[in-house]
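To start, the structure itself, in structure tokens.
Chain nomenclature is as follows: A, B, C and D, assigned in order of appearance, with residue numbering initiated at 1 for each chain independently.
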Amino acid sequence: MSGSLTAPLKSLSVQEEDFDVGAELKALTAGRTEVGAVCNFVGLVRDISGPDADHVSAMTLEHYPGMTEKQLSALIDKACERWPLSGCRIIHRYGRLLPGDQIVMVITTSRHREAAFESCHYLMDWLKTRAPFWKLEEDDQGQGNWVDAREEDDLARARWDKAAPSDKTQS
Amino acid sequence: MSGSLTAPLKSLSVQEEDFDVGAELKALTAGRTEVGAVCNFVGLVRDISGPDADHVSAMTLEHYPGMTEKQLSALIDKACERWPLSGCRIIHRYGRLLPGDQIVMVITTSRHREAAFESCHYLMDWLKTRAPFWKLEEDDQGQGNWVDAREEDDLARARWDKAAPSDKTQS
Amino acid sequence: MKILYFAWVRSTIGKGMDQLDGKPEGVQTVADLLDWLSGQGEGYSKALEKRDRIRVAINQDFAEPDATLNDGDEVALFPPVTGG
Amino acid sequence: MKILYFAWVRSTIGKGMDQLDGKPEGVQTVADLLDWLSGQGEGYSKALEKRDRIRVAINQDFAEPDATLNDGDEVALFPPVTGG
């Protein structure tokens, strides 16, 4: 149920290359003067990991080509049904990344800030538990360790099962 | 109560000039490889306004120099006490703006996404009700109309009076 | 005491600032000051007509109607804020 | 039926894919398939040892253990996802 006069711009890229957040923000808002709010999240590779704060020298992101695109496209559609968005864009990288490198970007645009904030947060929480990516971290000895899923991520996603205040649809 | 090893980067600009979000994001994350999450909000001038969707051809933002800086600096300090942030930056413009122009930007960075999302949302909700700015909208006839405050903004801010799940301090 | 006006409070009163020599006589609180200002002419009485539409800051912090004023205070009167 | 393996499921089994000629005999559900695969050699039995650490997709959608399989399905086995 979109409150926008024109259809929301939906866009997804699953890629090895880095991305330019500034350029992505401009592309999603150019000429859309109904947009009053832009929310953006970027996930970066951290140099430490896990409960023991082990040092990470690199990370390789494996993914399931095809399923990734299918799951993330469905997620973008869900967000656009639940909130009145003008635009929604996800970029997720795969391959070998170094600390400080960008992994993922979500941008949502809307007339008002609540829809932009909530949908961006929703997309990140869902993406964390539904997009088929797996992180292999390398320590200083070049030893690879598969990152374990975090229970907090399941809890964070489950929060959205309740209808949001701005959710107009009835289940 | 910051969970960062180094003090959070805090920064505020109240200015007439436009800003470059991409450059601001880079500046706040450069060399900070403990950062895993960046949340960013940008508010833009919309071309329609109010319940009757009146067309807006321009907007002038008046502010109270001195009080603006005092209130926004205090707000940044509060956010950095409540969430373990690595960085927090606010830019707010004043003067005459056109539809599509950027008004305000908030960036928060942290190890994890919950802190980044929540603190960014908190800052925008508080800023809306505490930063001394006033919008004068011009319609197509050049007639100026002072924008009324929205009750929703007070409600959105009041939400944060309850302790957040990640809030470690006791009142 | 310095009194600043912003937005439509400023445009209705017709100026951005009044510089007073300390507090006006009989004025102790923010509410007292608003009452006193209302009697200073047409612009003032009109601007302060709907008292619930006025917000006040003392020394650049928000203040309630019962807040006490001091001689050297910077006081500001303005509508509810609409930034962001 | 195509079966894909990812992350440590892939490295423990030692390959990324098995191509079968339809469903193995007696296999109707996801749980049946995991039981059957466990008997296909050391890598398989080790990878599928802790069944609660395995997630399954059928035709690129998440599937529960009781989901029914069809001959031409693309099935994938992998650990809980850790993207973002």
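Going forward, contacts are C-beta pairs under 8 Å (C-beta built on N, C-alpha and C of every residue); 3 or more make two chains touch, one makes a residue touch a chain.
Worth saying up front: this structure is predicted, and the values here are computed from it rather than measured.
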{"item": "Chains touching both subunit B and subunit C", "value": "none"}
{"item": "Shortest path length from subunit A to subunit C (each step joins two touching chains)", "value": "2"}
{"item": "Inter-chain centre distance, subunit A versus subunit B - centres from mean C-alpha coordinates, in Å", "value": "21"}
{"item": "Rounded Å distance between subunit A and subunit D, as computed from the means of their C-alpha atoms", "value": "27"}
{"item": "Inter-chain centre distance, subunit C versus subunit D - centres from mean C-alpha coordinates, in Å", "value": "72"}
{"item": "Subunit B and subunit D, separation of their C-alpha mean positions in angstrom", "value": "47"}
{"item": "Sites on subunit C at which at least two other chains make contact", "value": "84"}
{"item": "Multi-chain contact residues (two or more partners), subunit A", "value": "43, 113, 124"}
{"item": "All chain pairs that touch each other", "value": "A-B, A-D, B-C"}
{"item": "In the complex with subunit C, residue positions of subunit B that touch it", "value": "43, 61-64, 66-67, 70-71, 92, 103-104, 124, 127-136, 146-149"}
{"item": "Subunit A-facing residues of subunit D, complex", "value": "4, 6-8, 57, 60-62, 76, 78-84"}
{"item": "Subunit A - residues contacting subunit B, complex", "value": "20-23, 25, 29, 31-48, 99-100, 111, 113-114, 116-117, 120-121, 124, 156"}
